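Letters A, B, C and D mark the chains in the order given here, with residues in each chain numbered from 1 onward.
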Amino acid sequence: MTYIATYRDQITRIQVKETEPNRFRVALGDKEFEVDFLEPQRNILSLLIDGRSYEVDVDAVETSDNFGVMLKGDHYEIEVVEERKKKLALKMAAGASGRQDLKSPMAGNVKTILVRPGESVSAGQVLLILEAMKMQNEIKSPIDGIIGSVTAREGVTVSLGDPLCVVDPLPQ
Amino acid sequence: MFKKILIANRGEIAIRVHRACCELGVPTVAIFSEADRAALHVRVCDEAYCVGPAPSRQSYLNIDRILEVAKLTGADAIHPGYGFLSENAEFAERCAALGITFIGPNTKAIRVMGNKTTSRVAVAEMNVPLVPGMKENLRDEAHAMEWAERIGLPLMMKAAAGGGGKGMRMVTRLQDVPAAFRAAQSEGLSFFGDGSVYLERYVESPRHIEIQVLGDKHGNIIYFPERECSIQRRHQKVIEEAPSTIVDEAMRRAMGEAAVKAARSVGYDSAGTVEFIVSGKSREFFFLEMNTRLQVEHPITEMITGVDLCKEMIKSAAGDPLPFTQGDITLSGHAIECRIYAEDPDNNFLPTPGKIVGLRVPGGPWVRDESGMYEGLDVPIHYDPMLSKLVVWGSTRERAISRMLRALGEYAVKGIKTTIPFHARVIGSEAFAQGDFDTHYIDNHFRPADAARPMPHEDIALIAAAIQAFRRDKDRAQHLMGGQPNGQEHSAWKSSGRVRR
Amino acid sequence: MFKKILIANRGEIAIRVHRACCELGVPTVAIFSEADRAALHVRVCDEAYCVGPAPSRQSYLNIDRILEVAKLTGADAIHPGYGFLSENAEFAERCAALGITFIGPNTKAIRVMGNKTTSRVAVAEMNVPLVPGMKENLRDEAHAMEWAERIGLPLMMKAAAGGGGKGMRMVTRLQDVPAAFRAAQSEGLSFFGDGSVYLERYVESPRHIEIQVLGDKHGNIIYFPERECSIQRRHQKVIEEAPSTIVDEAMRRAMGEAAVKAARSVGYDSAGTVEFIVSGKSREFFFLEMNTRLQVEHPITEMITGVDLCKEMIKSAAGDPLPFTQGDITLSGHAIECRIYAEDPDNNFLPTPGKIVGLRVPGGPWVRDESGMYEGLDVPIHYDPMLSKLVVWGSTRERAISRMLRALGEYAVKGIKTTIPFHARVIGSEAFAQGDFDTHYIDNHFRPADAARPMPHEDIALIAAAIQAFRRDKDRAQHLMGGQPNGQEHSAWKSSGRVRR
Amino acid sequence: MTYIATYRDQITRIQVKETEPNRFRVALGDKEFEVDFLEPQRNILSLLIDGRSYEVDVDAVETSDNFGVMLKGDHYEIEVVEERKKKLALKMAAGASGRQDLKSPMAGNVKTILVRPGESVSAGQVLLILEAMKMQNEIKSPIDGIIGSVTAREGVTVSLGDPLCVVDPLPQ
């Protein structure tokens, strides 16, 4: 199988082949790796690559192509999509708008909402304040734009990934 | 000794107190909020009672309900841990009124030391050095300006009831004094219900160094070697060590004796901590405040002295005289503590409540884990994000550092992000190795450099993600064809219990 | 220091050695058998290579393959741990021939001390006391009878190459001498390939007390305070403590000096242990054997002295002189170790290989877990059943005991039965509290009483089982009706991964 | 629901009622208990009974009525059967023979088989030797009888619960 992996806007073509049970040959660009694979605990992998031992914590969700990889103290957010599917997605994305769906980065309480639908906001402006574990956290606008809808309600608890509000880009 | 001790706290400190009681042979009563039914302290204590809904004010701060449980269970003492009711004089008095021993100092000590102004007056009378400044509160902006000119710049404007970095404003220009006065006053009012504000000199290259004291009900007070707590993020301690790299034997004795004097000023009769601000330049030390409770970072003092402070605190509350004198306290080796938080260090330390789906704690020689975690625990959003404290001891500071790096490397928490890797990078930094830091180190120097660090294992991360994608796709294909998934017990694409954005 | 160390072992000791290397900044190479691909040491070491199939002879004892891996990886030293190749002189020589440092003593020391007869001759020359007996091997039954009469009853008939309780026969009547001779000879032949047998006096109320020594390549040898290892089951150590309740300062020094003499007899230059048998009656001590490796129970010595023996052993092998002298070694407090086995103490200690489906390790002050376990590990049937060593320190023996009881209570291993509760009952026994035991205590006194102990929580056990049955039946009923199982994430009747008979 | 629990040949009638989610009322003979129940980890229960906190490790197998309960260091093997089912089982057992199916008490290797089919054995006689984790373990006959069949084979690995051999009781 051939995949397109995206990490920090950098795109890598990866070929994966299972040569025997729990052995994989992986081509990363023009580099090739033989991988002795084991999953001793769910989503915790033990990889032996060229004799070196790596313990890799992978967080994956069934409905998504995003993998959160924790490896020797560093976290990598990687999107892995099958090559054909990725090409299709890229074509479609070319026509998509720059609408920003802001989702809650954590579970918490919506403390204060500072904007209303229709309001103009600039990139970096604080839109609302979430509270969790005695800490207040500001949610900022990623772009200059106009508030579309506000889903969050003050005093109401949100979970990780819940929609908070929508920012539409300024008309071109 | 007590017949039964109620532990009026949660998380790792409830576990710590339970362990001490257990070793003393005293049964324990846990209290818990509705959000904490599954918490470890509920499971390990001998008895456990729900005291109210999730918000602290309705549960862990619910004095009436907690005292009801104490009466119901026949507990004859209450250990408050730290935070919550630990420095609440009213609670201590209500315990006493019911004939229940509050495991902490006398109420006068709590009251006097609980206020920055009264505590400064008390210790000044004992000739404990204070940061040059004022012993009264400011009346108004004009009064503030007058004092600012008298003390000289740079200055700190402080709320008298403040703490934990709240209600403080640094002032480097005289024209900023009125604004700082108003800000500190309003923060003091909103956070602590007290708008009193005062001024003092700002200490350069400030280090936060504190002295553990231990007193009994027979007038004995001793001090322990210092703790260095200058590694702070936004005024919150992150890493502590003992001893400090800038304190020598003479300074240790001078600070210890000053701490005992401060404690004597309120007839201190329990475990407590006298905090000093120390100039990294001149090595002068000044009294900051006294915490009238067991401190989060007490384990590092335990590791270098062999004294179980939590146990001695309980014995002292039970009326036992201290089993040692000042001369018995010796310093051996070096200890470091890292506070492990449920926060994402690569995302502005956002809290990361959620379910711990995998856990492997470090072990081996001289590694101590003080934790309330277990595999399967859902870390609630309602409380402080500290998950555990990792403590190591080594015969030298270098060995303690290499041991802490080793232990942090072993610590695997799956399901939520934690500050474990951040600690490893701080401990591994050159400035830490040199002992060359002050309280601004993390915020001003370390974090900017850390954000730009290289990520050397990108290839392996890509390989791991690609293999998991491959196995997921293979499982899906086989599932569609009605076949069996491949040999592994759990297929790779199953959720690890966490929803990702 | 070495550039890279290969660890020729598995289980907890491989982890222990890795931790020491890690703290010294030396990368490690793990080896593993096909049965151990998922073992923790494979996952934590920097590199890992399979050296053969499950049986030890084809993997962990496969000298050719292990040395191949060392050459391949550029390892310049090999740590053998204990067991396996740790006391194999041929292996040490083959390492040397390849220019690889064997982390252990010189080969002569291994050879001389590896044989009961040669070791007795060597230490006797240094005036180390021996159990009254013979320094040569028995020729035949007649010779045995002659010596038996000379030494006097009771006697022990011992295979010269024996160890671990194998190849030993106690003789209380002269007419049993010929049969004991034949039995010891045949066991010696079948277990160790050596039929040499000798006789010695049987020591009454015997206690097994041993002295850790540490030597370097510069002629320095020091001793450490003793370890008391008399709590044994079928001649296997179960619980060790340091110091011993029957050793005072003068006896400690005498035993230490004798141990150093024994070590000097073979120019000892590494970590090693001199084992003595001590009469609980007369307190006389006699040389038993010397183990030329790091001992399983080394951590208790570390806890009472602050010395990291594993690290010092590696440094000494690298040519470093010892960083301390005899006078620097001081004894502080008391330490206890429990060996946690995968055995069912209520079913004649039958081995219990299987999958660990839940694990919560004890933590908190002065508790040290030396383990190769993790949640999800399938404990293989091929190797020693030791899962971990639980070690505690306390400022007094009483505190160490209460701490060990507390830690054992916290230790939760789900999926396989372990000896954890058995340890708690031994440590909690009156005889242990009094320090009043000898090597026969467990087999002759404790176990009969233990089997008849009360089971006070039968009601709660019945309630728990009934509720789980109820929840299972409710789930089944809802499933039949097409409904959803009840709120809990996992339904109760699912297998916990273990098939029960 | 009403159950019959058997522990060490002692029979207890237990009634279980779920009064609200995670709350049970359990009648044990004539004693009644209110149980605050939680299963924080799979098959590890946290019970609060009259304020007392118990952590109970229960081992259960889908196809069996046997529960292995580990509680404060003691292990209880308890059979829990629904009352009606139990009465039926008791009736059937009354007509059953005393044939002994010996099952392997552990995973291991069959080292030596000491008996053959048709051979008379006495209670306590060693029938075969199993080896695991460097330990040899003797499997003894529970009764005086005659060896029926021998399923175990020397040198072959068995798992926990695998049949080893059958001992038929002596004719009455």
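The criterion applied here is as follows: a contact is a pair of C-beta atoms (placed from the backbone, for glycine too) under 8 Å apart; a residue touches a chain by one contact, two chains touch by 3 or more.
These figures come from a predicted structure and were not determined experimentally.
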In terms of C-beta pairs in contact, which of A-C and A-B ranks higher?
A-B
Provide the C-alpha centroid distance between chain B and chain D, rounded to the nearest whole angstrom.
49
Chain A to chain B, mean C-alpha position gap in Å, rounds to 33
I need the residues of chain A touching at least two other chains; which ones are they?
41-42, 55
Counting only residues that touch at least 2 other chains, which ones in chain B make the list?
44, 358, 374-375, 409
If every chain is a node and every touching pair an edge, decide which shape results: line, ring, star, complete or other.
other
Using the touch rule from the top of the page, what pairs of chains touch, sorted by label?
A-B, A-C, B-C, B-D, C-D
Provide the residue numbers of chain B that touch chain A in the complex, in ascending order.
342, 346-354, 357-358, 381-385, 409, 412, 414, 417, 420-421, 424-425, 455-470, 472-474, 486-490, 492-496, 498-501
Under the definition above, what is the set of chain D residues touching chain C in their complex?
1, 3, 5, 7, 12, 14, 16, 18, 21-22, 24, 26, 28, 31, 33, 35, 37, 39, 41-45, 47, 49, 54-62, 64-76, 78, 80, 82, 103-109, 132-135, 137, 157, 159-161
In the complex, chain B touches chain C at residues 15-16, 19, 22-25, 44, 299, 302, 306-308, 310, 332-333, 358-361, 363-371, 374-375, 395, 399, 402-403, 405-406, 409-410
For the chain C and chain A complex, residues of the former touching the latter
29-30, 37-38, 42-49, 72-73, 374-377
So in the complex, the part of chain A that touches chain C is made up of which residues?
38, 40-42, 46, 48, 51-53, 55
